[in-house]
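Next up: some structures, all given as structure tokens.
Two complexes are shown next, each including chain A; its partner changes from chain B in the first to chain C in the second.
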Partner chain A sequence: MNVIEAREITRVFGKTRAVDAVSLDIPQGAVCGLLGPNGAGKSTLLKLLVGHLRPTSGSVAVFGRSVSKPGPALWARTGYVSQQRYLPGWMTSAECLRFARAFHSNWDEAKVAHMVERLAFPMDAKVRDLSRGHYVRLQITLALGHNPELILLDEPTSGLDPVGRHELLTLLIEEITLPGRTIVFSSQLVEDIERMADTVVIMDTGRIVANGPIESLKAAGGAASSLEQVFFEYVNRRQA
Partner chain B sequence: MIRAILWKEWHEHRSRFASYWLTLNVPILIVGLVIAFSKGARLPFADLSNATIWKYLPLSLLESFLLDTVLTVAAGYLAVSIFSHEIEDRSLFFVFEQPVPRKQYVAIKFLNGAFQVVAATCFAALLAPAVVYLMMLFSGKVTLAGSGGAFAAVVAVSARTAMWCSLTALMVFTFSALVSALVPRFWLAATASLVLLALFGFFGGDFFDMPFPTGEPLSVSANISAQWITISRALTPAELAGFAHWKALPLCTAVLVAAVFSVATALLYDRKELK
Partner chain C sequence: MELKIDTSDGVPIYLQIVDQIKRSVALGRLKPEDPLPSVRQLALDLTINPNTVARAYLELEHEGVIYKRQGQGTYVSAQAAEASRRERNRIVAALFEKAIVEASSFGMSESEIAEVYRQAIHRYRLEKS
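== the complex of A and B ==
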């Protein structure tokens, strides 16, 4: 069963086609990494998948329902971490978590307490005062607190120090092992994708240039090729 | 869920709500402060008597007039500040990422704002005659028994005008919310609100049933140096009784206009994108 089904979605901003005729099926239980250079359309694609943006053309269905009007049913089963900073600056971390808890009947208090302790972000600090690292940790906790079946993460490790990045990746890998989880995350770091994902979608200038299991893509590139080589090959081929 | 949204609205906008309540009561606060600190301003009160109460107490209705005109801008400002802020900083998407229908969130936000607008307007409209009457009572020559009728008549008019003023403020509030959901700029919402009010005044005629007194001409003049206001004659009880009656058609029209603006805003919120 596919959790995400995108058909020929295009999103145009002015004269720019940020996402261009993308079709994508992501089955339940998959861990899919979106890989691409800056401006490839990864963030736009993730926003289209959660309904934060509407496609100019094409359609997106998540859990079998169109996300043209994202409703409570979608957000009850989805956790999303954006690259943009829009949590209310006047709230403290604790208030953000309390606010989110009020909406989720399946909010996992024990899990959240564990994550807060492990990720060690200040609970009493105002969101506007949080560093990038602490902000991402709070976002991740908010996104995972209700045990969502679908988790979408937009470059969650960008701007984090090596320790923070390691801690976050470890936590996400633990999340992957939980049954029924489907994860889609974008990154510019090939090693992050290789460490976490089982399938990879390579994007460039709004289009999907390669899509498949990591091992298949590597095998197609030759016995000695790494994912990084495969990535450069596809991107260079397209730019040529 | 509703409690959480109300909690967020209160914590995020309580200073704005407080400012709004304060602004509506600024006229009566100024009068109160002048009388408290100026001996000269207190002197005319000593000349008041039960017989002159009918003449001077209706002056407190000036607050209702201000509420229905210049102070409606405050309702517009309140709407812009509570609606445009979360659009500009995109924090509304934090709420949109919770399993709550967008329209339900906007509805709660509207009802909360509308409650503040109506409560603050009614409070201000009724506070003015109450404060003025209390000051008159403290002057010493006015008695409860001798002036109670005048107070009851003025409060009854204030209560009726409170309804009209609330509706005007509500229309401005919802219209400003709609404008700020489109373009979050206060000056634009304020201008649009004033145009809306002017249109209502121009095309509505006696829509709000607040006619000038008929019969013998009534003039009010202020003597700044003597810190007193001279009124040519008292309003008759019949004139007061005929002022600001509730009429079904304009009442329903005003509610309908406010509802249409609210629904339009909800639809705009529904289509908001995180760019």
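== the complex of A and C ==
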């Protein structure tokens, strides 16, 4: 069963085709890593997949339903970690969590309490005063608090120190071991993708230039190619 | 159990795990009936996708190196020694192959290579005695 089915989606900003005729199926249980240089369209694609942006053309279905009319049924099953700071700066971490809880009938109080304790971000600090590391930790807690089956994360490890990065990858590993979880995450770190993903989607200038299990991509790149070599191979073809 | 993952390597992570566990068995560091960490634990220890660990264990199970006890975890199998003997032969054969390729690139004949091998064995015996 595919959790995500995107058909020929294009998103235009002014004269730029940020996402250009992308089709993508993501089966249930997959851990899909989205790799691409700056401006490749990764963030835009993720926003289109969660319904935060509408495609200029094409369609996206999540859990078999179109995301052009997102609603509680979809939000209850989806968690999204944005790269941008969208939480209101005047709210405290604790207020954000209370606010999110009110939206979710399936809010997992025990899990959230456990995450808050473990991730140790300040509960009484205002969002605007949170460091990048603390902000990401708050966002992750907000995104996972209702035990979503589908988790989308936009460069979750960017700007984190090695400890924060390890902590985040550990959280993801624990999520993967829960039944029925599907995860899509983008990263600029090839190593994160290699460690965490079973399938890789490589994007460049709004298009998907490669898509498949990591090993198949490596094998296609010839003997003993690292994922990094494969990545450069695909992205450099454009210049060639 | 000491495992090391190298993400800059062309070898897929699951195969790195398979190779290293087989090597540990071949070296006698892992013995029959020794328990292996759970999939979840090893994934957390190595910071890798649990599906990758599960895949490595499945491969090792197919090759008869490890086996699952219902609801109790994963253990090194009794036939692991046989499987690891094959592994040992494979590792050593690969080293010899490398040496042979190197030798022939120097233009050495087969009998010259065999002579170098005999001398090496001879020196090894002298050093041991």
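Just so it is clear, the second predicted complex is superposed on the first by the 240 of 240 C-alpha atoms of A that agree within 3 Å, B and C clash if a C-alpha of one lies under 4 Å from a C-alpha of the other, contacts with A are read in each partner's own complex, and residues count from 1 in each chain.
What we mean here is this: a contact is a pair of C-beta atoms (placed from the backbone, for glycine too) under 8 Å apart; a residue touches a chain by one contact, two chains touch by 3 or more.
All of these numbers come straight from a predicted model, not from anything done at the bench.
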item	value
Touching partner for A:73 - first (chain B), second (chain C), both, neither	first
Partner chain in contact with A:191 - chain B first, chain C second, else both or neither	second
First, second, both or neither for A:126, with chain B first and chain C second	neither
Chain B versus chain C as contact partner of A:47, first or second or both or neither	first
Chain B versus chain C as contact partner of A:89, first or second or both or neither	first
Touching partner for A:102 - first (chain B), second (chain C), both, neither	first
Chain B and chain C footprints on chain A, overlapping residues	none
Interface residues, chain B side, partner chain A - complex	1, 3-4, 7-8, 11-12, 86, 89-91, 93-94, 96-101, 270-271, 273-275
Complex interface listing, chain C residues touching chain A	5, 7-13, 39-40, 43-44, 47-52
Of chain A, residues touching chain B in the complex	13, 47, 50, 52-54, 69-76, 80, 82, 84, 86-91, 95-96, 98-100, 102-104
Chain A residues within the chain C interface of the complex	31, 166, 169-170, 173-174, 176-177, 190-191, 194-198, 214-215, 218, 223-229
